[in-house]
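Both complexes below contain chain A, partnered by chain B and then by chain C.
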Partner chain A sequence: MTDTQVAKPAPAPDAPNNKSRESWFKGDAAEPMRRNLGLVGVLIILAIIGIITRPDLYGDATWVSNNVFTILQQASAIGVVTVGMTFVIIGGGIDLSVGAIVAIAGVWSTTLATQGYGAAGMIFTAIVVGVVVGLINGVLISYGKLVPFIATLAMMVAARGLAAQISGKQTQVSANDTINSIASTKILGIPMLVIILALVVAAGWVLLNRTTFGRRTVAIGGNPEAARLAGINVKFHTVLLYALSGLCCGIGAIMLTSQATSAQAAMANLYELDAIAAAIIGGTLLSGGRGTIVGALFGVLVFSTITNLFAINNLPTEVQNMVKGGIIVAAVLVQQFRYKSLTHLLGRTKS
Partner chain B sequence: MSAPQPRDGEVEDQVASETPAAAEAPVVLELTDVVKIFPGVRALDGVQLQVRAGEVHCLLGQNGAGKSTLIKTLAGVHTADEGTIMWQGEPFAPANPQAAMKAGIATIYQELDLVDDLSVAENTFLGHEDRRFGFVRRGAMARRTRDILARLGHPQIPPRRLVRSLPAAGKQIASMARALSHDAKLIVMDEPSAVLAHDEVGNLFRIIRELTAQGIAVIYISHRLEEIREIGDRVTVLKDGRTTAANLPARTTPTRELVNRMTGRSIEYVFPPRVAPEDTEVLLEVRGLSREGEFADASLTVRKGEIVGIAGLVGSGRSELLETIFGARAADAGTVIMDGHRITTVGGAVRAGIGMAPEERKSQALLLDEPIYKNMTLSSFATFATVGFTDTGDERKAADKVAASLELRPRDTGRAVRTLSGGNQQKVVVGRWLIGGTKLLLLDEPTRGVDVGARAELYQVIHDLAANGVGVLLVSSEVPEVLGLSDRVLVMREGHLIHEAPAGDLDEATVLDLVMAGSLLEGELA
Partner chain C sequence: MSNFSRRRILFGGAAVGAGALLTACTSNEPENNTQINASNEEANPNAAPGEKVVIGFSAPAADHGWIAAITNNAKAQAGAYKDVELKSVEAGADAAAQRGSLATLISQKPTVIVILPHDGKELNSSALEATKAGIPVINLDREFPDALAYRLLIKGDNYGMGVAAGNYIAAQMKSKGVTAPIIGEIAGIDALPLTQDRSKGFKDALAANGFRVANRRAAEFTADSGQREAAGLLQALPKMDALWNHDDDQGIGVLAAITQANRKEFFMVGGAGSKAAIDAIVKDDSVLKATVTYSPSMASSAISLARLIGQNKGMSDLVELQVPKQITLASETITKENASQYAKLGF
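On to the complex of A and B.
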C-alpha cells in the first residue's frame, strides 16, 4: 500500500474519472455491454448461416422483414417471462414454475365464466392469477424457508395440475375478439406482441438499473447477509421478486393465448428451462448478484433465431434441441473464461 | 500499560524445572529458529519448540502470536521458510497434510473437519479407506473404528452412527478417532475445549491422559489458564511469531509470569491522544440482554462521543452480543434502547441511527464486485432516491466526499470493492454508516486483516468519529487495541460481562488475566 500504487491507472483504459453521462456507457457498465456485443455477433453469424443455406428466401426483401418479425413474435411471450426470471435469478433465486404459472393464468382467464367479463376481465384475471401464484412462491421461500428450487418445483407440478383440473384437460378456445386480435394487430407495421415485449424489456431495464427495487435485488443476490445487515428487508423483497416473475407470467399467458386463440394446461411447456437458459447465456450469474435484462433478451433472440433457422431449412426439432444444449454449454464456458481472466487481471493489478 | 516487560527476543529455557514424568522421555519433535514469511509479515519469526513423547505441551499466546501458523506448518498446510523441524530424529518438511498424517502428526482443528453426513467409521477412515478390489470393506472398517473408540474410552459410540447426530463432544471424539486411525504419535489440538460444556472438558482430559499414557504426545492450545494448569506438563509461550519462553512447568509457573511473556507485543500500535468526553447524554442503553447459550444478562451504556471497548476471547459471546444489539439476532430477554427507541430489528436499528461493521467483512458486509460507491450507499441509497428512482449521481458525490474524509485509496469510487486492500475495504464499511448519518457505530474486530499502517488510519477515523459526537462500541481480540482506543472497557468472559473500568485504570496484563482466567489474581499482580 504505497502512493505509487495510487498513481497507477485503472485496469480499464477507458473511463478516467468518468462524469455522469459518460459513466452510463463506460466503467462498471462496460463489461455487460461487451458481453451483449458477443451475443449480437452470434445473432449475425446465425443470420449469415441463414443466408448461406437459403439464399432463395433471403433474396426476397419482404420475406426477410416478415421473417424478422416472425422471430421477434416467437420470442415475445418467452421474452416477457425471461425478464421476470432474470430478476429472480439476479436476486439469488430460481423460478421453475414460470411455465406452469403461464398455463394456470392462461387457463383461468379463458374459462367460460371469465370470458363473460370481456377482454379486460380476462387480462385482469391472468395477471392476478400470475401475481398470486408468484406471491405464494415468495412467501413459501421467504417465510416458509423452503429452498427456491424445491418450492417452485412443487409449484410447477401443482399449478399444472390445477390448470388441468380447471380446463378438464380440454383446450379452451378464446371467443374474445379483442384478445385474439392482439397477436394479429400491427402498429406502424410492428406487431403488437413485439411492442409488448419491448415495453416489458424497457420497464425491466429501468426497474433493474434505475430504481431502489433493482438495487435491492442486486444487493440481495450478491450478498444476502450484507444486505440484511445494511437494513434491507431481504425476506419481503424476495417475495416481491417472485410476485414480479408471476406478473410477467400473467402477461405472457395473455400473449400466448392471443397467438393460439386458446389456452390449455400444457401450454408454455418447458418455458422455465428456456427462460433460465436465456438469462444465463445473457450473462446472468446463476448464483445471483449479477445480470442484465438486455443480455437476457439477446439470449431469447438467439434461441428463437435458431428455431427459425431450423424451420426455414425444414430440419427436425430433435437436432435443434441438441444445438440449443450445445449453445448453453458454450455460452457458460465463455462466461467462466471471461470472469476468470477478469479476476486474474484485477488480482495482478492489485499486487 | 505499565506491566513489567519481558526481555525481547530472548528465550528462557527452564529445563531444570520440568515435571519429572516427562523429563526422561525422548524428544519427538524439535523446532529450531523456524521462520514463516507471508507477504508483508513474518508470521513465524524464530520459533523454538520441543515436545517429548507422552507429554501434554501447551502453546500460549495472544491472537496473532503465530499459533495457528505454527500448527499449520506442522500439519503440512504451510512450509517453513527457515529453521529446522526434527520429527522423531529426522528432518521433517511435509509437502501436504496427507504427508504429515502419514508421518504420524494429526491435527484437530477448532472447526472440526468432519463430514456430517458420513458415519463415524467413514469419517475415521476418510481418505484412507480399507479397500479390496475397489470396494470399501465396511465391516472391517467398523470393527477397527470400534477398537479405536474403545481405546478412547468411548466404546458406546456406534461406528455406523452419522456424525451429524453426535453432540459436540462426540464429534471431537470422532476427530480423535481419525487421528488415531493414522497411528498418530503427536496430536495437535487447537482450542479443543472451546466447543465443549464444562463436564465434557473433564472427559476430554481423561482421554488426553490415556493417550499420553500410551506414549502419544499432545500439543494443546487453549486460552484458558486453568485448563493448562490441569492438563499441561510444559508450556511454550509465543509472541509476535517468536518463542518468548520455552518449557515452563505448566502447573507451577506463576500466572503473572505467563501473562507477562505474552504481553508487550512489539507491533506498533499508534493510538491518537484521546480525551474522554464529559458526561454527555446516553445514546445506547442495553439492559439484561440474554441469548440462550451465547451470553446472559448483559447491561451496558454508550454515551454520545464515547468509545466503549469490549475485550474478550473468540467464543466469549461478544460478537453475538453486538449482533443482538443491532437487531440481527433476536434476544431471549432484555431490552436495547437507542435514543428512546426500542430496537428489535436491523431495520429499526438503522432507522434509529445504529450502524455496524461486522466481523466478517467480505461475507457479511460487502458486495465485492460492485463499485465502492454502491457499497457505501447500501444502507442509504433509498434516501437519495425520488419515488423509487435512484440517483447514482448524488450517491456518488456523497460517497466521494466520505471517501475523501476517510482518505480512501484508491479515491475513484467507481472501482470494484474487490480490488481494495483490507484496510480500505473496512473504510468502505465504516463509510457506509457515515453517509447515513449514524449516531452509534458497532465495530466488530475493526482491524482484522488490516496491515499496521492502515490500522493507525482506522484508529484515527474512529477517534474523529467520536470527536464528532458518534458513540462507538467496539469488540476486539487484541487487548492493546481495546485499551488504546477506548474510554471505557468491558471485559467479557464465557457470555458474561465480568468487569468494567475506565481504560486508563487497566493495563494489558490485567485485562488478559481477566479474559483468560476470569479473576484478578491480586496477590500475583504487582
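On to the complex of A and C.
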C-alpha cells in the first residue's frame, strides 16, 4: 500500500495533473524529464561553444569521437560515486566522506601486501573497504543518532588520516597490469571505464525506479516518520544507503587507481562536492525524497564537458571554477523557481 | 535461540575472515631511501667527531612524498653523525601549531634549530625569538622575510627549475631543427607561489629562445589530478613536441594518461627528481626523457651545516671560517647520460 503511494518519483503535488493527460508534459510528473532535456540542451550548447572556439579540432571526426570518450572517461569514476551519493541524498542524508572513502579504498587496495594477491584481491579489498566504511557511517547516523553532516564530516577527516597512515604519505604505484589496463582497454571501441559507468548507472536506475528498495528510499527521504509508521525499517534502510554509497566509492576507487596507475591519501580531492553538485544539478532535492539517477549522470557530464572545453581552449582553472559555481547556483534557482510557481498554482486552483 | 541461525554464523565468519585478511593487507614496508652524506673522516676533516651538537628540527606534517623525504633525510643525516643529537618536534597541521611546537623546542635550548616553516611570514616572529635566545636558526626552503630571523637560509630554486626545464626543451628543439614547437605545461597547485615561480622561469627561458607555451593546465600534485589534466591537455594538443610536468609524483598520472591516449610523438621533462622518474629515464621506455631537480637532499645538507655552525666550523673548501649566510641549490637537469650519478639522490 505504501509502495503504491510512493511509486511516483514526484509524490504529492502531482495528483491534480493526472486528470488532464494532454498537459502531462507541463505537469509535475514530467519534471525530471524536462530537467534532463534542459541538461541535454546545456551539453549541446557546450559542444557548440567548443565547435565555434576550436573549429580546427572539431573538423576531425576521429578527434571528436576520441574527445567524447575522453569526456566520458574523465566522468566515469566521479559518475559512479555520484550514483551512490544520489541515493543517500534522496534518502534524506548527505555523504561528505565519499572522496575520503575513495582514497582509503584506493590506498588500501594498492599496498604492497594487497598487490601480492593480484587484481582480484585488489578489487575485493577496495570494495570491502568502501562498504565497511559506508556501514560505519550508516550505523553512526542510524543507531548513534549523529547528524549525517557531522558523522560523514568526521569520517572524511578520519578516513583520509588512515589513508595517509597506511600509505606513509607516499604515492603507491600499482604494479598490476590487469588493474592498470582497465583504463586503456576498449570493448567494441568503447572504453571499459565508460562501460562500467553505464552498468552502474543502469543498475542504479533499476534499483531506484523498479525495486521496493528504491521506493522505500524515496519514502524515507520524503517523510521519515510517515515511512516508519508505514512499517519501513528506517534505521536499517539508512544503514544500507550509506553502505551503497561506500560500495560505489569502492568501485570508483578501482577506476581512479587504474586511470592514475597509483593511489595516494590525497586522491579524489573534493569529490564529495563534485558529486553533491552533480546530483543537485540533476534535480535531486537536497532535503531528500526526490531525484533521478539519469539527471545526476547528466550533471557529472556537464562538469566533465566544461573541464574539457576549458582545456582545449587553454583557459585557466580559476575561471572554470567560477563557471562551475555559477552553474550550480543557476540549477538551484531554477529548482526553487519551479517549486514556488507550482505551489502558487496549486494554491490558486484550490481556492 | 533463532538468533544464532546458521546464516548468521556463516556471515559473521565471513566478515571476521575478510577483516583479518584486510588487516593483513595494510602491511606496507615503505622503501625509505634517504639521501645522506656518509661521513668520511679521512677525506673531510670536518666529519671527525667533535663537540656534541643538539639539533632541534621542525617540519610540517608530511602530506606528500617530498615533505616526507625532507623529514626522513634530516633524521638519517643526523644518525650518520656520532656527535649529533636530533630533537624532532611534530610541527602539526598549520602555522599556529608549528609556532607552539617551536616554543617548546626553544625552551629545551638546543644548540641549533633547523626549521622548514609552514609559511615563512607566519613563523617569522618565532624564528626571531629563537635567534634572540641565542639559538642559531637554519631556515629550510621556505624563506623568512626578515633576514635577522635566520643564521643560514638553504633553499631550492623554483624559478631556476622552470629555467632548467625551458632550456633543456629549447636545446632539444634546436638540435632537432623544430622552429615552431608546440609545448605543453602541466603545473602544480596554481595558488602556490612556488608554482608561479616555476611557470615564470619556464616561460622566460622559452621566450629567450623565441618559443612559447601552447597550453598550460594546473593539477594538484596528486597522480589522479595529473592524469585528469594531462588527458585534457592531450585532447587540446593533438600534436605536441614537448611537455613539462612540474612534479614527478603527479607525473605518475601524467605518464598514465599519455599511455592511455597512446601518444608518443613528443618527449616529456619531469620535475623534482623522484626515484621512479630517474629509473624511468634510465630505462628509456617512456616519453619521459629528463627531469629537473628540486631535491629534498637539502634537509641532509641543512643538518650537516647545522652541525658545523654548532661546532663553530666553516665549510672546509671555502676560505671563510664560518658557514655562509645563504645557499640556493641549483636545479640540475637529469638525463639518461648523467642519471647514474643522480640515482642516489632520487626520493
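Brief remarks on what is shown
By definition in this document, the second predicted complex is superposed on the first by the 321 of 351 C-alpha atoms of A that agree within 3 Å, B and C clash if a C-alpha of one lies under 4 Å from a C-alpha of the other, contacts with A are read in each partner's own complex, and residues count from 1 in each chain.
Criterion: contacts are C-beta pairs under 8 Å (C-beta built on N, C-alpha and C of every residue); 3 or more make two chains touch, one makes a residue touch a chain.
Given the structure is predicted, the values throughout are model-derived calculations rather than measurements.
For chain A, the partner touching the most residues, choosing from chain B and chain C, is C. In the superposition on chain A, contact is made by A:Ala266 with chain C only, not with chain B.
In the superposition on chain A, A:Thr292 contacts neither chain B nor chain C.
Contacts of A:Trp108 after superposition on the shared chain: chain C is touched, whereas chain B is not. With both structures placed on the common chain, the touch criterion links A:Ile166 to chain C but leaves chain B unconnected.
Applying the stated contact rule after C-alpha superposition, one finds that A:Ser142 touches neither chain B nor chain C.
When the two structures are aligned on the shared chain, A:Glu225 is found in touch with chain B, with no touch to chain C.
Of the two partner chains placed around the shared chain by superposition, chain C is the only one that A:Ser184 touches, whereas chain B remains out of contact. Those residues of chain B that touch chain A in the complex are listed here as 326, 328, 346-347, 349-351, 356, 358, 363-371, 374, 378-379, 381-382, 385, 388-390, 393, 409-412, 414-416, 418-419, 421, 423, 432, 451, 453-454.
Contact residues of chain A toward chain B in the complex are 1, 5-6, 10, 15, 17-18, 20, 23, 27-28, 210-215, 218-219, 222-223, 225-233, 289-290, 343, 346, 349-350. The part of chain A that touches chain C in the complex is made up of residues 57, 60, 63, 66-67, 70, 73-74, 108-109, 111-114, 117, 121, 125, 128-129, 164, 166-173, 180, 183-184, 256, 259-269, 307-308, 310-314, 316-318.
Interface residues of chain C, counted against chain A in their complex, comprise 18, 22, 24-30, 62-65, 67-68, 190, 214-218, 220-229, 231-233, 235-236, 238, 249, 252-253, 255-257, 259-262, 276.
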